[in-house]
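Structures follow.
Below, subunit A partners subunit B and then partners subunit C, in two separate complexes.
Let's turn to the complex of A and B:
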């Protein structure tokens, strides 16, 4: 380095180099991507709220309790049977898929670990998350509905198939976070493996398991395609889980969105608002569990 | 003696629990196997030569050519991928490499909410707002846009997982050499996570091809369209199944199940490939 370059220091206020400009452009593009993602979410929520709120809350609680108009062009509220149907179908799916999924994850992480069968199940479970929901619906139609007829339970079976791999995946992630020292301490006290899992490992991972399962439930509550095949169509209340055709919020939205009657479309928006509120509340509750877990760590 | 009896009893319960756990895990394999077997058996009569060669689909004449629907599925999924991949990668890189830590939690919430909006609500918005109100019409493009919105969360969250496996030392090395933040991403983050990112995109592709209700509402339900024109109405395999099932009777039903089997095979194939790519790349980066 010559003396002159020391006596004449580079101008630090010079125009930014192409490298710096390129960096700025790409950083801005990444920030722009975030904005782009937020736009459809906000637009959809805006439409749902602005077009659905009048019908949903105008004659409160008529929309939540009254039966669905049989003639779809008739104006007026009523989604009670669909709300009950969604709760029945999703509740049934939860009762089937969550215990099975947790047990499956317990096998994968506590018993099978990296054995051949566990690796196969883990791999196929990931693949199963990608099975299209129509396929699940047709599968349940062929194996259940053809023999036993339309019912909320058929829908619950289909949703349970969709939820199962999700619950397995999230539960196994949570079991990985339980420190091995906890298990070793329990073994050192002479506890059997099953007791250790039930009284030490699962309670330690519980908030995370609950959170993962709630996310899966929220996702399942909005599913439509499988219900078209297994649940049938009804406009009156049907509190029976195992018999007679039922309906659900998502199925009603699908049917009314295809309709050209303004009254039916209005009911579709109101049902969409109800469904979105339901799924968002479950999701936010799930995230609170995660936040509490993070706090504890 | 009593002690040994007690131990025997405990061991019995312990064994029972482990058997229960194995059985629960086995349900995954059982369901996948049953899907493949029952559906293929029902659909078998519909798989003639014309199923994969004819472009005509007419229930009245009993002709079922699936080509236009296979085309529609691939074309809309391709549009969705072209839109969703740059956005998802941008968001994933922004969250992991650029954003200040306090911004991460709201971003996770945003993605969660986007992922949990039911597909039928996206469909409703697509058909009544995007197609009717903004005049986009029901078309391949409208379907592609809606599908893109729906697969952004999954691609983003998988990409984030992959990107976060980049060792800090590699990033710090780039920065210490005077690289700008983008140069650091380009030189260490992207090469490191290339395999995993390909897998993440493919999983998104699988989702886009299988998405049913939103596509059924906005794609336009045109029969027999094989065209590159994105503004034309078309149809896709899941949309046909959902829209026609209600009015179908026997040979028609078998043809629809055959469509479902075709869809199942394609999506499972894409998923198998994607999952093995992701798992391999995750294992390699953990081993390194």
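Let's turn to the complex of A and C:
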């Protein structure tokens, strides 16, 4: 064989094939799925923004600061107490559930592993994920509210019960993703197990843990049913965490949307927009904070 | 089981690796650091390694060579109790460190690893800054003063011949460095806790020849301060830089097809590469292995 024996250049153009057709079909299907998923999301956002924006920002910042009108047919702004209530209830739930959930996940993944107790806890946590929120509200009503009355803290307890299994599950997944080589590196320097977890494993998993916790917080912030049992529906500001009926945005949305008065319905839409914005802001702040912690390459 | 992927690159058939006999013949008789007696390592019920008896001496470079799966890395990890973190792994026989049984019940693995550091096959810097990577070990050992840490970081990076390359970006992430730099960072990190022994598990297998040469040069420099044990697939590397060489191989049990690694021969490197006393060693180093 000599070099001159190659006379025709090879044909390197793509040939029509079933593989290429399959590729086109599946790519189209995937694109369709993306659109299908995006439609409800955009529709929800659009309806909330279009119907809520006037009331929310008309006499800025009145809607965010004024008390809720006691007579619900009276038009005009005011969701201040509900914003404070949501912050108190969700914040309280976060303070209870996130540290507890992270500690639980550290136990499950680093210490319990596949032991009997760890498997029991993991199973219970999975079962807890499936408990309807209204049942969780009822549970807190029986064990806390009947004894101590309505309070923001009761709502925080109920939401914490809902968040806990989510935080445990997502944190354990994140711990699994930390490369074993990092642990070995720490051990080889004479580091104890607890110190390795605190200074190597948890920092490496932090962004994922924050994401999982944020998802849990966002879900909890929108919960209504358990709060109806445990928090009550006040219309005035109540800055106390442990006493007196309080309120929350989700409860106000529920109550006002059920009302037959247009003024109340308008407030419900505005409260919905406020809740979306609140969740958005919290997510944004937490993400910025985590990005700050992570090093630039 | 710790498996290594790349095959050994034997020299052409029948060709010997040249060793400077005059220099190598003078391996001094320094104090014994490790005294291994009939060491066996099990993963569950599987015996991965058996019959390892050897003495590792201070301020020398001891190389472990042999084909893949022969238990070199497994034996290396038994020297600083890295098997403790693998569920089911167990070490039998005696591993004595300055006469103390490393596997005695009162011995703390953490304390052992503080004195016997390890550099791994794949560079594994923490996802932290270069400075924090080096300062990690000293901090764990209770050194927290900024001035003290600054001194340790500079000294360690200089030991690893890395200082001039990174002195202006100590606050940058270690993950942004090249592979060779990362491995030298890992060596600097190990050196920073001032161990007595540095175990190296194929430290150059992920590096190019230039980076490999730098690490070998570094090992020769560090020899005066540390005892070094290195696992390598590269026989030239063992011949170039080690004082003593242990050759391991795999024995296959014909009854159940189970493979167990074992120590064949342990001697001065010049002897192993010029006049091995075991036929299996001879076959391996001349490339007739198989």
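Everything that follows uses one rule, which is that the second predicted complex is superposed on the first by the 242 of 297 C-alpha atoms of A that agree within 3 Å, B and C clash if a C-alpha of one lies under 4 Å from a C-alpha of the other, contacts with A are read in each partner's own complex, and residues count from 1 in each chain.
By definition in this document, contacts are C-beta pairs under 8 Å (C-beta built on N, C-alpha and C of every residue); 3 or more make two chains touch, one makes a residue touch a chain.
Please read all numbers here as calculations on a predicted model, not as lab measurements.
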item: Subunit C versus subunit B on the shared subunit A, clash or fit after superposition; value: fit
item: Which superposed partner A:268 touches (first subunit B, second subunit C, both, neither); value: first
item: First (subunit B), second (subunit C), both or neither touched by A:237; value: neither
item: Partner chain in contact with A:108 - subunit B first, subunit C second, else both or neither; value: first
item: Touched partner set for A:144, first subunit B, second subunit C, both or neither; value: neither
item: Touched partner set for A:123, first subunit B, second subunit C, both or neither; value: first
item: First, second, both or neither for A:30, with subunit B first and subunit C second; value: first
item: Residues of subunit A touched, compared between subunit B and subunit C (which is higher); value: B
item: Partner chain in contact with A:186 - subunit B first, subunit C second, else both or neither; value: second
item: Per-pair minimum CA distance [subunit C against subunit B, superposed on A] in Å; value: 8
item: On subunit A, the residue positions that both subunit B and subunit C contact, one per complex; value: 192, 195
item: Of all residues in subunit C, those that touch subunit A in their complex; value: 80, 82, 85, 87, 109-115, 117-118, 120, 122, 124-129, 136-137, 140-141, 172-173, 175-176, 186, 189-190, 193
item: Residue ranges of subunit A in contact with subunit C within the complex; value: 113, 179, 181-192, 195, 199-200, 203-204, 295-297
item: Contact set on subunit B toward subunit A in their complex; value: 10-11, 13-14, 16-18, 20-29, 31-32, 34-35, 38-39, 42, 86-91, 93-94, 98, 107-125, 127-129, 149, 152, 156, 180-183, 203, 206-207, 209-213, 216-217, 238, 241-242, 245-246, 256-257, 260, 263-264, 267-268, 270-272, 274-276, 279
item: Subunit B contact footprint on subunit A (complex, rising order); value: 19-20, 22-23, 26-27, 29-34, 36-38, 40-41, 43-44, 47-48, 100-101, 103-104, 106-108, 110-112, 117-118, 120-121, 123-136, 138-139, 142-143, 161, 164-165, 168, 192-195, 197-198, 215, 218-219, 221-225, 228-229, 250, 253-254, 257-258, 265, 268-269, 272, 275-276, 279-280, 283, 287
